[in-house]
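In the two complexes below, chain A is the common chain; its partner is chain B in one and chain C in the other.
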Partner chain A sequence: MRRLINQQPSVLNSLLLAALPFALVLLAYAVASEARLSINPDDKLLPDWSTIEAAIIRMGFVADLRTGNFLLLEDTMASLQRLAIGVAVATVIGGLIGILQGLIPYARAMLANFTSVVAMVPPLAILPILFITFGLGELSKVVLIVVGIVPFIVRDLALRTSELPHEELIKAQTLGASTWQIILRVVLPQMLPRLIDSVRLSLGAAWLYLIAAEAIAAENGLGYRIFLMRRYLAMDVILPYVFWITFLAFTLDFILRVFQRVTFRWMYRGQA
Partner chain B sequence: MKFFPKFAIAAMTALALVMSAPAQAAPKKEFKVAWSIYVGWMPWGYAQDHGIVKKWADKYGLKIEVVQFNDYIESINQYTAGSLDGVLSTNMDALAIPSVGGVDTTALIVGDYSNGNDAIILKDKKTLADIKGQKVNLVELSVSHYTLARALETVGLSEKDITVVNTSDADMEAAWKTPDVSAMVTWNPMVASILKDPRANSVFDSSSLPGEIQDCLVVNTDTLKDNPDFGKAMVGIWFETLALMQSGTPEAKAARESMAKASGTDLAGFEGQLKTTKMFWTPAEMVAFTGGDLVPAMDKVRNFLFTHGLLGNNAPSADVVGIEFADGKIIGDKANVKFRFNDDYMKLAADGKL
Partner chain C sequence: MSSVSVENVWKTYGRQTVLERVSFEVAPKSFVALVGPSGCGKSTFLRMLLGDEVPSKGRILIDGEPLMAEPSPERGVVFQKYSVFPHLTCLQNVMLGLEFAGAPRLGILFGRKRREAKEISRDMLQCVGLGAAENKYPSELSGGMQQRLAIAQALVKKPKILLLDEPFGALDPGIRAGVHEVLLRLWHETGMTVFMVTHDLSEAFKLGTRVIAFDRRRTRPEEAEAYGATITFDLPVHHPIPKPADVVLKEVQPIELKAAV
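Here is the complex of A and B:
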C-alpha cells in the first residue's frame, strides 16, 4: 500500500534524515553567530568555530597556569566521581525499598504514600536544609543526587515488582520457598534489568542535580566551570562543556544499555 | 540535498537573524533598563513603581521601562547580548562583561561606592592574617573576589595561600551555618545578617578600598550618543528619587520603608546598609567624584581582571581594553575604548538644566 506509514527510507536516506536535525541546528548557529560577529567582532554570546576551538585546546590540552592541572580532565573526573557515587547509592537504596514496597504488603502500607509524597518535593527547594545537615563538601552534592533520584527509582521498581505475575509467586510457594527465597530467586533476578532501565531514565535528572550542586558551592566540576564562566559570558568555554556533558551522558546511557543486553540476555529472547 | 528544501533554509536563516538581532544604535523611543536588589539600587524600583520613571520619560517623549532582575549576572549578560539599553552594575563587572565583550559602555550615573558593604568574615578568628590556609567561600570573580585579592595584598599574602570555594550568593547565609565553612567574603545584606552570629568577625571590608567598587548605571554608548534625551531622563529620574529620599518628609520615610521592604529587610536594616554605602546624594557630589581622579581605582580593577583572565584569553596586558575618564584621559588601548565615564549628564542635573 502506498501510504506514508508503509514507506521505509533506504539506509542512506535514513542516515541523511538522522543527520538533518543536527545539521539544521549547526546551520542556525553558524548563521546567527556570523550575523552577530559582523556587527561586533568581540561578541561573546555566539562565538565562531575558531574561538571555540581555541577554548577547547585551552581547557582540554594545556595545563592551567595556576594549578598545573588540565581543567577539563579535572572537572570531568570530579563530576563523574560525584555522579557515580550518587547514582550507585541511589540504585542500591532505590532497588531495596522498591522491591520491598512492591512485594511486601506491610511495607507497601507504610511506604507507598510516603514515597509518592516525597517524590513530589523539589529537592532544590530544600537545599539550605541539605547544606546544614550534610555540609558544603562532597557529601551534600552526592546526597542531592540521591535525594533527587531515589523516589523515582523506588516508585518505578515497586510498580514493576507488583506487576510480577501472581502465579510465579504462588508457584514458588508451592515449591516451599520462603519470602526471603522468593525475593532472592524470583523477584531480584527479574528486577535487576528493570532497575537498570530505571537508572537509565534517572540519569538525566542525576546530571541536573549534579550541576545544580556544583553551581552552588564547589572548587571544580563541570557544573562549577559552566557557572563560573557564565559570570563573564564565556560561551566559547560553556558550549564545548555542554557538548561534553551531553556526550558523557549519552555514553553512560549507552554503556548501561549494552550492559543490560549482555547481562540479561533472557529479557530480549523472542524479540527481533 | 533533496531533503533540504529551500524554504527550510530561508526559515532557519530568518529565525537565526531574529534570534540574534543585537540592539541597533539608532534614534528610538523605547528603552529598557534592568536593576537587581542592592541597597544602592533600590531607588530605581521605587521610581518605577511610583511614577517617577514615567514622569521623566513623558517629559522627553520616551517610553522607559526599569525592570527588576532576580539574577544580577543574568541582567548584565542580557545587556551585553543586546536586549537591554542599560543595566545597574559595578564598574568591575561592566568592564569585564560588556566592555570586554565589545559593547561600548558608558557609566552614566555613578550612584555610590561600597564603603563597607563588601566584607571578609572569619569564624572564631579575629585578624585578616588568620585567613592563611583556609578555604574561603565566595562568589568567584565577583567584587568579593576583588576585595579578597586587595585585602590579601595588605597582609603580604596571595591567593596561593588560601583555597577559593565558589559559592552562590543566594546560599551564603546557609553556607555560613555549616561547620566546614570558616571564612567567607560576601556583600550586604548577607554581611549584616551573618555578623549577627557571635562567632563571626569582620576582618576586612571595602571601607578600606574607598571608591574602588562603584555601583553604576551603565548604558550602551551608541544608544546614549543617538538618544541624549534618554540619558537626561535617567539622570532626572535618579536625582528626583534621591531628593525625595532625603527630603525629611513623611513621603521620604514612606519611600525608604518601601525600599527596605523590597530588599527584604526593615527600615533599620536598610539604613544600616546605607551607612556602609557612600551614596552621592546630589549631582554636585557625583560630578566631583566622577570628574576626579579615578585612574588608580580603575587601574587596580583592570589589573585584577587581567590576572584572573577576564580581559580575554589572548589579552597580552591589562591595556587591551581602553578606559576613558570624564576629563577625556584614556588608559589602555586608545583604539579600543569600550568603557567610559561620562559626567555631562550629571553636570546638566547639577546646573538644573534637565
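Here is the complex of A and C:
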C-alpha cells in the first residue's frame, strides 16, 4: 500500500469526490426539512422544494404587482451596480497607491504606516459615519465597499511591487528609463495581473460590505431583500437568494480568472 | 570605448569590510574578467560600477569624469538572472531601450519611429541568433537564449561599458561557447569596454584581455570582518589564448600592484 500522499484519484473519482460534499448538504437539508414538515406542515424554517420553487417563480419570473418590476432582476441589477462601482473605484485607487508605495521610497515613507493603520479600522464600525456623511443613498454603500477593500489592495500591491526583482529596475535604468517610464512599461504591466488576483481576493469582503450596507438602508438590492424577508421568516425566498448571491460571486471570480489568463498570457506561457 | 579608473575604492556594509584599496586603470576597449572566491565582493564591485551602490571611500572615473551615482544608459548590464522582462516578447524586450529614448511620455513608439526601432531590434536579435524567436516570451526560451536576449537588449543602447555578472554561469559548455562567440564578435564590432564576473578561470582567460582577481589577504576568522578583499593578481592576457602552462606559472606568483601599497 502506497502512502496516502502518493495516491491520486482517477478523473471519475475526482468528480465524484468533488460532488460528494454538495450532495451531502442537499441530502441533510432534505431529511431535516422532511422531518420538520411531517411534525408541523406550516413550519417555515426548512421549506420543501415545491415551496422554494414557487418562491423562485414569484420573485424571478412574475412582475411585482406594485411596481411592475421583476424583483430578483431589480435587486440583482441594483446590487451588481453598487458592487461594480465600488470595486472599480477601489481597484484604481488601490492599484495606484499600491504601486507608488511599493516602488517609490518617498511614497513608502509617507504611506506605509498610514495604510497599515487604516487597514485595522473595522469598516463596518464606520458605516454609521458614512451614512451620516454621505446620506442613505447609493454613495454611502459604494464608499463602504471602497473603504473596506482599498487597504487590502494597497498593501497587497505594494508588497508585490516591492518584490519585483531589483535587477529588473536596474536593467530598466540602464536602458535609459525615467521613473515614470519604469512605472508605465515595467511595473504597471507586471502588476495588472496581480491586481486582478488582489481584486479576486477582495470580492468576498466587497460582497460582505455591500450586503451589510443594503441590510441597513436601501430600497432594493439582494441584501435588502434578504433582510426584508427575514421579518416574515420567508426562508423560501432567503435560501434561493443566498444561492443566487453565491452563484454571482462565483461567476465574477471565474470571469476575472479567465480574463487574467487570456490577457496576461506571458505569466502562463512556458509553464506547461 | 571608455577608459575606467578606480581610485582606492573601499566598500563596507556596517562593520563588515567587503572591499578595500581597490585601484586600477582600464584602457578603452578592454575586456576585463573579474574572478575570485564566492563572497569576495565581485558583484558588489560591479554594482558600484553600475551606480547601484556607492563606494564607502574612493571614487570611480569614467573617461576622467566621476561616475553617475545611478544607473545610466552608457553602462549596460547583464545579470545571471532577471535580466529580461518577463512580460515582453523578445522583440519588445530589445525595442524597450529604443522606446524609452524615443518616447519620454508614454514609453511607446508609434508609426515610422516604431518601424525603425523594430528594424534595429530585429537586426540585433539576428546578431545573437534569436531571429526566429522574436515573438516568444522569455519563459519560453532556454537559459542560453535568455542570456543572449539580455545581451541584445543591453547592446541596442550602444553602451560605452558593458557589465556582466556571471552571465553564463547556468549554461552548459556547448551553449556557452556559442554565446562567447556572439559576445566577442559584438565586443569587436562596438569597441565597448567590458567587465565580466565569472567563476570559470578558463572562460576568464579565453575572453578577457585582462584578468583581475579579488581575494582576501587575511584569512584568520577574527580578522574576517575588519579586512576586505582586494586585488591579488592582475594579468594582461595576450590573445590568441596563452598556453595553459603560462597561465599557471603566472597565477602562483601574484603580481604586486601599485594599488596594494
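Throughout what follows, the second predicted complex is superposed on the first by the 271 of 272 C-alpha atoms of A that agree within 3 Å, B and C clash if a C-alpha of one lies under 4 Å from a C-alpha of the other, contacts with A are read in each partner's own complex, and residues count from 1 in each chain.
By our rule, a contact is a pair of C-beta atoms (placed from the backbone, for glycine too) under 8 Å apart; a residue touches a chain by one contact, two chains touch by 3 or more.
This is a predicted model, so every value here is computed, not measured.
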First, second, both or neither for A:Leu175, with chain B first and chain C second: second
Larger contact residue set on chain A - chain B or chain C: B
Partner chain in contact with A:Ile216 - chain B first, chain C second, else both or neither: first
Which of chain B and chain C A:Pro105 touches, first, second, both or neither: neither
First, second, both or neither for A:Leu136, with chain B first and chain C second: first
Chain A - residues contacting chain C, complex: 165, 167-168, 170-178, 180-181, 184-186, 189-190, 264-267, 269-271
Chain A - residues contacting chain B, complex: 13, 16-17, 20, 23-24, 27-29, 31-33, 35-36, 39-46, 54-55, 58, 127-128, 131-132, 135-137, 215-219, 224, 227-228, 230-233
Complex contact set, residues of chain B against chain A: 1, 3-4, 8-9, 12-13, 15-17, 19-22, 73, 77, 80-81, 96-97, 100-103, 137, 139-142, 163-168, 171, 173-175, 177-181, 310, 313
Chain C residues within the chain A interface of the complex: 50, 52, 70-73, 75-77, 79, 81-89, 96-97, 99-101, 104-108, 136-137, 139-141, 153-154, 157, 159
